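Have a look at these structures, which come just after this line.
After this come two complexes, each holding chain A, first together with chain B and then together with chain C.
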Partner chain A sequence: MSDPIVSIRNISKQFDSVLALDDVSIDIRPGEIFALLGPSGCGKSTLLRVISGFETPTSGELLLDGEDMTQLPPNKRPINMVFQSYAVFPHMNVETNVAYGLKMDKVPSDEIKTRVATALAQVHLEDFAKRMPDQLSGGQRQRVALARALVKKPRVLLLDEPLSALDAKLRDAMRLELVKLQETVGITFIIVTHDQAEAMAMADRIAVLESGKLRQVATPEELYSHPIDGFVADFIGNINSFAVSSWHADNGQISLTAEHLNTVVLAIDETPAFLLSEAPASDAVLAVRPEHVTVSLTQPDENHVSLRGTLGDVAYQGQHCIAEIRLDNGTSISAIIDNALAKSLPSALEQAPIWAFWQANNMLLLPRKVD
Partner chain B sequence: MQSIRNNVGVFLSFSSPTFIWLILFFIVPLGIVWLYSFGENVSLTEIETTWTLDNYRRMLEPEILKLMGRSVWLAFASTIICLLVGFPMALVIATASPNAKPWLLLLIMLPFWTNLLIRTYALLNILGTRGRLNDLLRWLYEQADALINTIGLGNLGLLGDGFTPLKMLGTPAGVIYGIVYVSLPFAILPIYSSLERMDKSLLEASMDLGGSQWQTAKNVLIPLAMPGVITAAIITFIPALGQFLTPDLLGRGQVDMIANVIERQFKRANDWPFGSAISLTLLYATFMLLAIRSFNDAARAKRASKR
Partner chain C sequence: MPLFQKNNTAGPFDYSRKWLLRMVFIVGTVFLYAPIVVLIIFSFNDSKRGGNIIWKGFTTKYYTKAFGNEELMLAFGNSLTIAVASTVISVLLGALTAIVLWRFRFPFKPVYEGLVSLPIVIPEICMGVSLAMFFSQMGWMQTGDSHWPFNLTNIIIAHITFSFPFAAMVIRTRLQSFNREMEEAAKDLGASEFRVFKDILLPHMKPGLVAGALLAFTLSLDDFVITFFTSGPNTVTFPVKIYSMVRFSVTPEINAASTVLIIMTLVLTFIALRYQRVDSTS
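Here is the complex of A and B:
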């Protein structure tokens, strides 16, 4: 494994009374698309601003290619950023915007010319060189911001919520294009996003942050199938969780009881440490993804984990439906079912009992939250 | 809004007080002044409109041209100083913390709560030969003098024969000082509002792309604040051009501006036709400035909308 290009080491950032970043350490590898993912206020934007140099961390250090640049001002860092608002200079045309960074670096003017032309070609804006920003669409302005950053051949490109301001159709196209562009230029991309689908589709690895703390760093597949705790499991896709009330481990197996469920037996190598700690059993959850849940009018056999409820809202999604199954105590779980099955089910008004069931080995045993 | 305009009755009843007020107290007096400017004194109190152009011709007399020129240069110098002082102040307010901002703006507005005449008398007290400013300068002089004597350089006479008070009243410097004092809030506010509206990430983008603080100010901050600066310049220059009280009091009658001449025509000289002609010329000049501005804006808007 190659050395990290960006090393975030024990970085904390305090704003007045708010701890925006709490001892975050991440290594980012050269050439990867790395996503900083989390709900708003989780500290992902602060971390991006620390990497770009607009914020100085309260403690910790930031290394680029092994060299400390924690105190370096933004204009001295070989890192460029595509701002969420794009920040295209409104009083300069496209060409001048893209050339700006090179002029600041005192690059000779004929070199500026060729490099600007190349950068504009990379983002398909060759024909727009003389346009003013207010004559461009939002998507085109974003391309200008991209070209303006890429033309400087930065070691790392930072993108702050790059797709959030685009409409749905354009967002999908731009998502693909960004990935292709990254493959072409080979520059490390760090993307900040609150949209887990965006992060999953684009990133090689994802860091999940929540209230200033780093929860988990992993590939999208790993995050989805092996989330570290209930928060990550719920943030990356939907999941139905059930609080564990008691457990008993024996002989490579663990049998658990949880609210609403019959006894669940899972095969394990060793009893997870979070169950053995002092914390009460209910700090553990059993969780199952909606796509593993099946719905039926008759009670399933005992090889399945099952529960009884009534059908709630069914949301049509095109290829499939998301069905809500209401439980007796007012909570509900969701299941992904196919359209034919959704049609055959009694309507929500009838309040007819239905069964939701799944294989025990599709369940994840997780701590509610790792601190 | 649209529906109000469509209903003629409602529109008239809402707008007639304003129209009547404007016609009675603005258009009609202005019309009278306009007629006077083509008139001649036939007796001590009577003016007859003879459609003579003599009053306007007299504007070309060297004495009047000199006063016009002085008005323009005093107003121009004051405007430049207002912009140079106002821009950094506006920047400080625009970048101040949200808690401090209303207080700083309040400080800018505070002078308006006091009558201009009283403020100008206060300036007389400060700028006079034996005023507070000279007190401060004398104190500084004495400190420096004592220091030089202490270190044994007293007999070299580095500071001259003694303190000579700065003469501010009755000089162009004093008048400019007064005009700047009066106009500064009007210069700060439009610049502040253009800086306040600016997307801060534009400044960050410039730094991110390798621009230093100074380059960012030169290439991004100042060009984007330019509309505010132009507004500030116009809003400072036009009233400064017509300043009456400041040159009258701080100029001690030795630094007259065009408004003082106008005042004299209506009072001591009792030459209302000539006073009217100067007033209207000043008004036309102002209109011309505003028209240039509007054409400029329209051209810019047209360029921007071309897609």
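Here is the complex of A and C:
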């Protein structure tokens, strides 16, 4: 594995009484698209501002290619940023905006010219060079912001919620385009987002943050199939969780009972450490993704984990439906079912009993939350 | 603006269809502007007395007379000098104050804010008396005897004290709409603090600076009370001179001089508005 381009080492940031970042350490590899993902207030933007130099961490250090730049001001860092509001300078035209950073670096004017032209071509804005920002759409303004940062050939490009201000259609297109652009320029991208779908679609690796703490760093596939805890599992896609009430392990197997469920038997190599700790069993959860849940009118066989309930809302998604199955105690779980099945089910009004079931080996045994 | 026409599409000026509102509007406008229109018209009246409301024929001789009145022109020159000097300094001070108040947090900031805007609410007569006392205590009342433009120092200082808070307020309002990410973006692209100020903040402030300057200029140009108290006996400004002329006798010459002042103010306002429009589209 290559040396990290950005090394975040034990960084904490205290704002008055709020600990925005709590001992975060991440290594970011050269040439990857790395996403900082988390709900609002999780510290992801603060971390981005620490990397860009607009915030100085309370403790910890930040290395770029092995060199400490924790105290370096933002204008001295070979890192550029695309701001959430794009921050395109309103009194300069597109070309001048893009050239600004090069002018600050005292690049000779003929070189500025060619580099600006290249950058504008990269973001498909060649024909807009003389336009003023207020004559551009939101998407075009974002391209200006992108070109303005890329033209400086930064070691790392930071993008703060790059797609949040765009409408749905444009967002999907821009997502692909950003990935393509990254492949062309080969610059490491660090993207901050609260949208897990966005992070999953674009990033090579994702760091999930919550309340200033780093929860997990992994590839999208790994995050989805092996989340470290209930929080990550729920944040990355949807998941149905059941609190474990008791467990018994022996002989490469663990049998668990959980709320609403019959006994679940999972094959394991060794008993997970979080079950062996002092904490009560209910700090562990059994979880299953909606796409693994099947719905039927008849009771499934003993080989499945099953639940009886009634059909709740069915949300049509186009290629499939998301069905809500209401359990007797008022809670509900969700299942992804195909459209034909959704049509054949009795309507929610009939309150007819239905069964939701899945295979035990599709279940994840997770701690509720890792601290 | 189809203010007095039947207009079937609903628009922001729909209320003007209501005859009562229309009357209020017309009466208000006439009340405000008729005296000025009359003043301008009667500056061309061929009558010996300006107070004469009988039209005696068209003449421009009072303009010639006003421009030929050496004392009046001297006062006019003084007023312009004071206005320009106090505007430049007021805008500079106002801009700096505005930036400090907008940008930084410091102890007793609300107190400082209140003190800065105090001259706006203090009655002019109090400002005038206190400044006069201050200048005489400092022994600066004699500056009126020195050479131009130093004979105007007192008045310029007095004008700055009451006009810079206005400039600061206008500029600060403009700063409120500044997106701080612009500043960070510039810094991120390699700009130093000074370049950020020069390239990003200053262009954003420009409409506020122009508006503040215009305000300071007009405030200074037509100030009477404070000027009256702070000027020595030998320095006369335009409003003070007009006042002394009116006391002597009202002649169309005063009308003519006032008209020139009105036109100057109008032109300045027009330029400023024009300038701001161009700037805000960019």
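To be clear about the criterion, the second predicted complex is superposed on the first by the 371 of 371 C-alpha atoms of A that agree within 3 Å, B and C clash if a C-alpha of one lies under 4 Å from a C-alpha of the other, contacts with A are read in each partner's own complex, and residues count from 1 in each chain.
In this text, contacts are C-beta pairs under 8 Å (C-beta built on N, C-alpha and C of every residue); 3 or more make two chains touch, one makes a residue touch a chain.
All figures in this text were calculated on a predicted structure; none of them were measured in a lab.
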{"item": "Clash-or-fit label for the pair chain B, chain C on chain A", "value": "clash"}
{"item": "Touched partner set for A:G138, first chain B, second chain C, both or neither", "value": "neither"}
{"item": "Touched partner set for A:P90, first chain B, second chain C, both or neither", "value": "both"}
{"item": "Partner chain(s) touched by A:P346 [first = chain B, second = chain C, both, neither]", "value": "neither"}
{"item": "Which superposed partner A:G252 touches (first chain B, second chain C, both, neither)", "value": "neither"}
{"item": "Residues of chain A contacting chain B in one complex and chain C in the other", "value": "52-54, 73-75, 79-81, 83-85, 87, 89-91, 100-101, 104-105, 132, 134, 145, 148-149, 152"}
{"item": "Chain A residues within the chain B interface of the complex", "value": "52-54, 73-75, 79-81, 83-85, 87, 89-91, 100-101, 104-105, 132, 134-135, 145, 148-149, 152"}
{"item": "Contact footprint of chain A on chain B as seen in their complex", "value": "199, 201-202, 204-212, 215, 219-220, 223-224, 303-304, 306-307"}
{"item": "Parts of chain A lying in touch with chain C, wherever the complex brings them together", "value": "52-54, 73-76, 79-81, 83-85, 87, 89-91, 100-101, 104-105, 132, 134, 145, 148-149, 152"}
{"item": "Contact set on chain C toward chain A in their complex", "value": "179, 181-182, 184-192, 195, 199-200, 203-204, 279, 281-282"}
